[in-house]
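Inspection log for the structure reproduced underneath, given as structure tokens.
Labels run A, B, C and D following the written order; every chain starts at residue 1.
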Amino acid sequence: MGDQGHFATSPWRTGTVRLEARFDMRFQVEQATPMLMVLRPRIDVRQWIMKDHFFIHPDVPVSEYVDDHGNRCQRLTLPPGPCQLSGSLEASVAAEMPVDRSAGFVPIQALPDEVIHYLLPSRYCESDRLGELAREIVSDSEPGYAQVERICQWLSRQVAYRPGSSNTLVTAREVLDRGEGVCRDLAHLGVALCRALSIPARFVSGYLQDLDPMDLHAWFEAWLDNGWQGFDPTQAGRKGGRIILAVGRDGADVPIYNQFGPLLIPQVLVFSVKRLDG
Amino acid sequence: MGDQGHFATSPWRTGTVRLEARFDMRFQVEQATPMLMVLRPRIDVRQWIMKDHFFIHPDVPVSEYVDDHGNRCQRLTLPPGPCQLSGSLEASVAAEMPVDRSAGFVPIQALPDEVIHYLLPSRYCESDRLGELAREIVSDSEPGYAQVERICQWLSRQVAYRPGSSNTLVTAREVLDRGEGVCRDLAHLGVALCRALSIPARFVSGYLQDLDPMDLHAWFEAWLDNGWQGFDPTQAGRKGGRIILAVGRDGADVPIYNQFGPLLIPQVLVFSVKRLDG
Amino acid sequence: MGDQGHFATSPWRTGTVRLEARFDMRFQVEQATPMLMVLRPRIDVRQWIMKDHFFIHPDVPVSEYVDDHGNRCQRLTLPPGPCQLSGSLEASVAAEMPVDRSAGFVPIQALPDEVIHYLLPSRYCESDRLGELAREIVSDSEPGYAQVERICQWLSRQVAYRPGSSNTLVTAREVLDRGEGVCRDLAHLGVALCRALSIPARFVSGYLQDLDPMDLHAWFEAWLDNGWQGFDPTQAGRKGGRIILAVGRDGADVPIYNQFGPLLIPQVLVFSVKRLDG
Amino acid sequence: MGDQGHFATSPWRTGTVRLEARFDMRFQVEQATPMLMVLRPRIDVRQWIMKDHFFIHPDVPVSEYVDDHGNRCQRLTLPPGPCQLSGSLEASVAAEMPVDRSAGFVPIQALPDEVIHYLLPSRYCESDRLGELAREIVSDSEPGYAQVERICQWLSRQVAYRPGSSNTLVTAREVLDRGEGVCRDLAHLGVALCRALSIPARFVSGYLQDLDPMDLHAWFEAWLDNGWQGFDPTQAGRKGGRIILAVGRDGADVPIYNQFGPLLIPQVLVFSVKRLDG
């Protein structure tokens, strides 16, 4: 939990907004289906959750736990028949993603123990195969913030952001081949390129105010000398408040849901967020 | 988190109730006062939190983390002037505290690593000084459930339950001398006597439906061969649903709030819970 | 740490051997090179480490921490010039890998929270792409032990075990294409196939008595209803005692060493183990 | 594990010594006795353990785990008859306890989450009852290092250090009444006084080079703005290297051993440490 920081990095320093987020998922279930979900917001110093509602119909037992990344995970089994999971949140968060261009590179031996594992390659981030490309992209950048910013600029030029263009999980190298992807794909490639430069990086899923088209969103964070810094390769301006649902090594750690058994296609899958206090 | 169990111990097995809990705390603050609070319900397999509201006026930064016992802790600094913290919960929980009279004693070497520290003496539970008394109380009881039940019966005879009778934290041995106490005191003595018999035990704070007079409540849990079993020395019948706020070695780990600096007396301090679906 | 179990699964039940393991690594270092190593044995209920020696020349600062999987990790920076890391161990372990053919499949909702992440796909174990193959392999096996045993038999027929045949990290699917691999490769494919069947599985690195040719070894473990069970697709007879160095989602989590900076080829890299009390 | 820091605080900055420590414990056991021990050195950035030997006769199963404070704990059951536990260590550590007189007080809201619980009162450190005394002692000291140093000076004047003067665990307030104590007692009172001033503090057990009379030793650490600082109220000069066995809220967390069942008096209980490279 050490990486959650404290007031030094709290959003109240730079102005806050109050957001309301909503989700609605409906399934027609054929046979009892175990699910693992990450639909409640992470306990994170950067957001204060004032309201948190989560309803399940029909009423089934749910078990919740906190995983190794600090995310709240829900475990349940959907029974046969129509099922609905829905909820809403109210949160106070930074009015936009903080930027600190002076943030420097942290030498490997000075990294806190608990961020070391965000240096390792993972399922969708083959950083062990992307060293050459990463070094080429940042060849004329200063170590630290400028390198990660450069990676984001490169991504926005090289990989077309096409919401809806992929509906399966593809890896960073596969994204590179395709030349296009959804927010999750660009985040995976960003994470992989950072790690290839020995910059710890992690995947983030959450809500972004005014995202267009509105949906759940994904971006990434890099560990620099003032802690975890957010970067969003699909939203160059970094406008709008964000509610973090979960962080992980990549999308394999923090799916909206992992289902087990025969494939279940949601009939409804809606996520939205809006500002309350504007 | 290993001790949170899974569906094997979920409340849905024995019938559930839907409860609504509320709290309201108000202070007139003279100088900025750091606070550490445990006012949000623990993430626990035995309860599903459908709604969770928490408001603070004026709006100040809050940091939340999960402690070593799995509790959600809030950190904030109250600013000078009038301050209010209030909130409400809706939870689905077991209709009453489950009883399993067949639960057996677990030999020390078979205890899971993560419950070992609940065997040790702690600030308000001097189990290292209560061995003789504990053995005397349970001298004719079978190891396991019957021993803990016997301790509860002994407590209800020997220590008068007087809500409001103590307003400071007293230890288990001090409770014994006084012969009376609040729910927290009886829980402390129960915990200490269990540990003196090598039964891991922990303190629980939470809401109890229909508690009279209505207030926040405290009870304890003992680790037996089917996991953490609840015991309530002040409520012999174990009636009513319960929402667990926090668990700990004793009240020192899970105060409603720890304040730092000059003493701050709450002007309002109200906790209540009622059934919604009856 | 909850998965480390307790005496119920200790090796003393089935006869023990006393093993001595040794390692020796030497480098000619051009420029200061940060390293992350997992060269000390994991704290694990299944082995008692009586002696543990670890020497580094020249004398440089080393930092050690325990990672999320419970492994002991060493962090240090090799200085320019000749460097040697060497050490030895004496351990009491089970005389051979325990077999319990009655071990059953654990339904997803009954899995302990802390093993859930061993169900997810990882860098070298693309379980999300191997479901069809996995189901085909075990089509006529009973759920649980028999399925994993069947996967091992299939692996030993389909993938030739060729020590030295790969010197880079390849993924489970790449191993499948190659049709041959080192112990690590077969372990990765075994892990991936288990996870594809919703059986939690993890990669293990360690020493195996009488391995031929002698070297560090790798195998895997599957979570069944009596806990973590070892399986070794390259050693059908499961003969000989084992010292576990580390466990992880796959080889990315538990490398012998991760180096950062220009590639460093070891001049010496020797691992050996022998029985002391036979 | 976050508090273990990294190379920034490593002992190599100030000169190291190589120490050899030894222990020997012998019991004549009447009936099988479960034990919980903390006899292996903590994994801690401030010490590099080159050799670690631990022998038990007769050969019984031992289970080891890492507790919430990061200590290595051994669990075993001594069988009836003569039993011996013995071992030795070789470690490279700082030549003497580092001193940084500029270390400042950390405001409560800036404390890392993981040190918060070292602010709470504990079994042998009734910091909730010592606020007035603590403020009086440090009334003319600057916040931070000077306050803790002042507490140590006060302790060495007010509480006579008498090795062997107590053989049972007494609390900080009891030490105050007695006016004398062993190293553990002075450490407890030091911890309690620090916490009463909102300075996180923890108890340390370990070996001290040249301690006279030679034995296992205890001291404490306070959290200041450069991390955990060691203080030793019985050794004003802070001379000599130290090997840390364990840290905890107080002696209840880190006993040499906790035994369960009928009292077992050791026939031999010897601890020693000497310098190897002088």
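Following the convention adopted for this analysis, a contact is a pair of C-beta atoms (placed from the backbone, for glycine too) under 8 Å apart; a residue touches a chain by one contact, two chains touch by 3 or more.
In UniProt terms the chains read A, B, C, D = Transglutaminase-like putative cysteine protease.
Nothing here was measured: the structure is a model prediction, and the numbers come from that model.
> Go through the assembly and pull out the chains touching chain B as well as chain C.
The common neighbours are A, D.
> Going by average Cα coordinates, which chain is farthest removed from chain C?
Measuring from the centre of chain C, the most distant chain centre belongs to B.
> Just how far, in Å, is the C-alpha centre of chain D from the one of chain A?
Inter-chain centre distance comes to 42 Å.
> Once you find the CA centre of chain A and the CA centre of chain C, what distance in Å lies between them?
30
> Whole-Å distance, chain A centre to chain B centre, using C-alpha means?
About 35 Å, centre to centre.
> Which residues belonging to chain C are in contact with no fewer than two other chains?
1, 4, 6-7, 63, 65, 75, 109, 113
> For a test of understanding, state which residues of chain B touch chain A in their complex under the given definition.
The touching residues are 1, 4, 6-7, 10-12, 16, 43-45, 48-55, 59-66, 70, 72, 75, 92.
> Can you tell me which positions in chain A touch chain C when the two form their complex?
For this pair, the touching residues of chain A are 34, 36, 63, 65, 67-68, 73, 75-77, 107-109, 113, 116-117, 119-123, 126, 128, 169, 198, 252-253, 258, 260.
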